[in-house]
Structures are given as structure tokens and as C-alpha cells.
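Take a look at the following structure, please.
A, B and C are the chain letters, set down in written order, and residue numbers restart from 1 in every chain.
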């Protein structure tokens, strides 16, 4: 029972650290391109960095809850949920790098994150379903 | 002790799935109306869909933490917190449908979500308060 | 083991309540300055309030996961993580007050939140690391 929670905690720290980095970059670019708050656009590089940060937050709102539900109600091989979460994080890094180069190239990273989010939903859903069946019987 | 957590997990999956759907629609409409990233506006239908997604994320930042605190520290009838969470989700669906038809009609859905969020805060707060009293004594 | 989780739950409720307040203000100012949805700008006071709300959500995406990981895997003095979380919340209040007066004065609050988020990451990271070492051996 411990390993799934510990993996979820580890991944949460890694994802949080990555997100912290995307937020820091926005602050740095805001200074470099002299974009005054509360504006959230004004220079292509800043605009991209801000969208990467916000999109990362948007996607964290999906993956983190699913990851923890999967950790609380593990099912199947215990490495499955952590592996999916790790691929999600790799997809985010791909997304960041490609988006900053050219927003039109964001599809690969976005696809990896979308598919892994769906996979995590299925894994977490199976765990919850099994827990309901066990609870009811 | 199990049922509140299992309910919270189930609701989290449903809410996450709904939010995933709002995010998917934004991607689809971005393609249909040919709105190039990193722009987040450019066509009324897209603008509405994006606001619905972001507002859903904004409200998830309130309800999910409260839901889980209420699940960790249950108090009163065990169906109360899950029921409030379910009404919140219904409010979100109402919000989505009305907002897409006409943003001025978003008030009903917004009110349901605001009131259920407050109700969840009260339930979670009572649970935490009781836990503090028990811990201290 | 109970106290860290109870503190995390208590802080989560306080942070959620503060965030709820920032979101409420945006709704009130939207009405007062007659800014029609789905617009998210149109009057300096509204623009500031909206950025404060969204920035609070952005920062919650960092601090809440770290806070809970630290609560699940406590290490060192048990008051450390709750204290860091409390200072983060104070930093948010400072951020709100200064940002509304003049966005250029947001740095102090932003710095408090950034540093406490990093401190929480270190505390949570130490707890997870220790748990891995104990699990492996």
C-alpha cells in the first residue's frame, strides 16, 4: 500500500518543480521584455512562456487528481500509474521546448499529455470501481 | 472511514472527466475557428469555451481541496459531502450549457457552484474543528 | 501522524477561503465596472483583481501539492510545514493588498510566496527521500 502513495508523492514533487520553473520563466521574461503587470501579453516570447505555464496548470488540474486517486486505489501492476505520470511529465517538457520554438509544434507534447491523462483516468477508474465492488459485497 | 474517501475519489474522477471535456472542446474550437496559439481569443464561440474551461479550473481549485478535507475528516451524515459535490458538478454542467448559449445566462450555474463550495467549506470546517477538539482533549 | 494531516487540512481550508474571496471580488468588480463576460479585462481595478485571483490559483498549484506531500511524509519538527504554509498565506494577503494599490508593488508578496514554496518543496522532498530510504532498506 505504501509504494503507490510514495510514487505519487515523488511525481507530485517533480511535476510541481517543473511547474515552478515555468512560472519563474514568466517572471524573468516579464522583466526582460518590460511587460508591466497586470498585462499578460506584449512580447511573443513572453506570450508563449505564459501560455506554457497556464497550460501546464490547466493540465495539472487533470493529472494530479487522477494520479492520487490511482495511488489511493491501486489496481494492476504498481508501476503502471507512476510510469504514466512520468510519461506525462516528459510530454510536458517536450511541450515546453517545442512551444517556445514555435507554438504550431506543440501538438506532440499536447498529445502525450492528453493520452496519458486518459490512461491515468482509466487506471484510477478501475481502482475505484474495484473498491466499490469490494465495499458493496 | 472508507466510504467518504471512495466517494471523494469517485467525484474527483467525474469532475476531472468533465474538466477534460471542457479542455478538449477548446482544442477543437481552436482548430475550427483557426485561432493560432498562443492567442486565447479570436472568435466568440472559442472565447466562451475557453472561459468555461478556465472558470471550471478556477472553481476546481476551491471544491476539490474542500471535498478531500471533508473526506479525510467526515462529520454528520456521510452522504452530505458527496451530495454537495454532485450538485456542484451539476451546477458546472448548467454553467457550461448556459454560458455557451449566452454568457449573460451564466448566473444560475455560477450561483449553484458558489453556494455548494461554501456548503462544502462548512462541512469540511466542522470535520476539522471536531478533529482538533478530539486531538487536544 | 495525525497532527501534520490536520494542519494541512486546516491550512487548505484557510487558503481555499482566501482564494474564494479573491474570486468573489472579481465577480463584484465585474458587475460594478460592467465588464461583460467572457471579457477578462476592461477596467484597471478589475484587471488587477482578476490577475490577483489567477495568480493565487497559479501559486496554489504549487503550494497545496507540496503541503500535502509534506503532511503525508513528515520530517523534522512537525510545526515546520504548517508554519511555512501560514507564511505563504500571509504573503498572499500582502500580495493582494499591494497589487490592488499598485501592481509594481507586488514584489514583496510574490517573493514571500516563492521562497516559502521552495522551502515547502525542500521539506516535502526530505520527507519523501527518507520514506524511500526506509522503504528500500
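Keep in mind that, in the parts below, contacts are C-beta pairs under 8 Å (C-beta built on N, C-alpha and C of every residue); 3 or more make two chains touch, one makes a residue touch a chain.
This is a predicted model, so every value here is computed, not measured.
In a homomeric contact, the two copies may use the same or different surfaces; for subunit A and subunit B, under half of the interface residue numbers are shared, pointing to different surfaces. Chains compared, subunit B against subunit C: the Cα-based superposition rotates one onto the other by 120 degrees, nearest 5. Each chain gets a centre from the mean of its Cα atoms; for subunit A and subunit B, those two points are 18 Å apart. Shared interface positions of subunit B, i.e. residues touching 2 or more other chains, are given as 57, 61.
The residues of subunit B lying in touch with subunit C in their complex are 41, 47-48, 50-51, 57-59, 61-62, 65-66, 69, 72-73, 99, 103-104, 106, 110, 114, 117-118, 121, 124-125, 128, 131-132, 135. Listed in rising order, the residues of subunit C touching subunit B in the complex are 2-3, 5-6, 9-10, 12-13, 15-17, 19-20, 23-24, 27, 36-38, 40, 53-54, 57, 60-61, 64.
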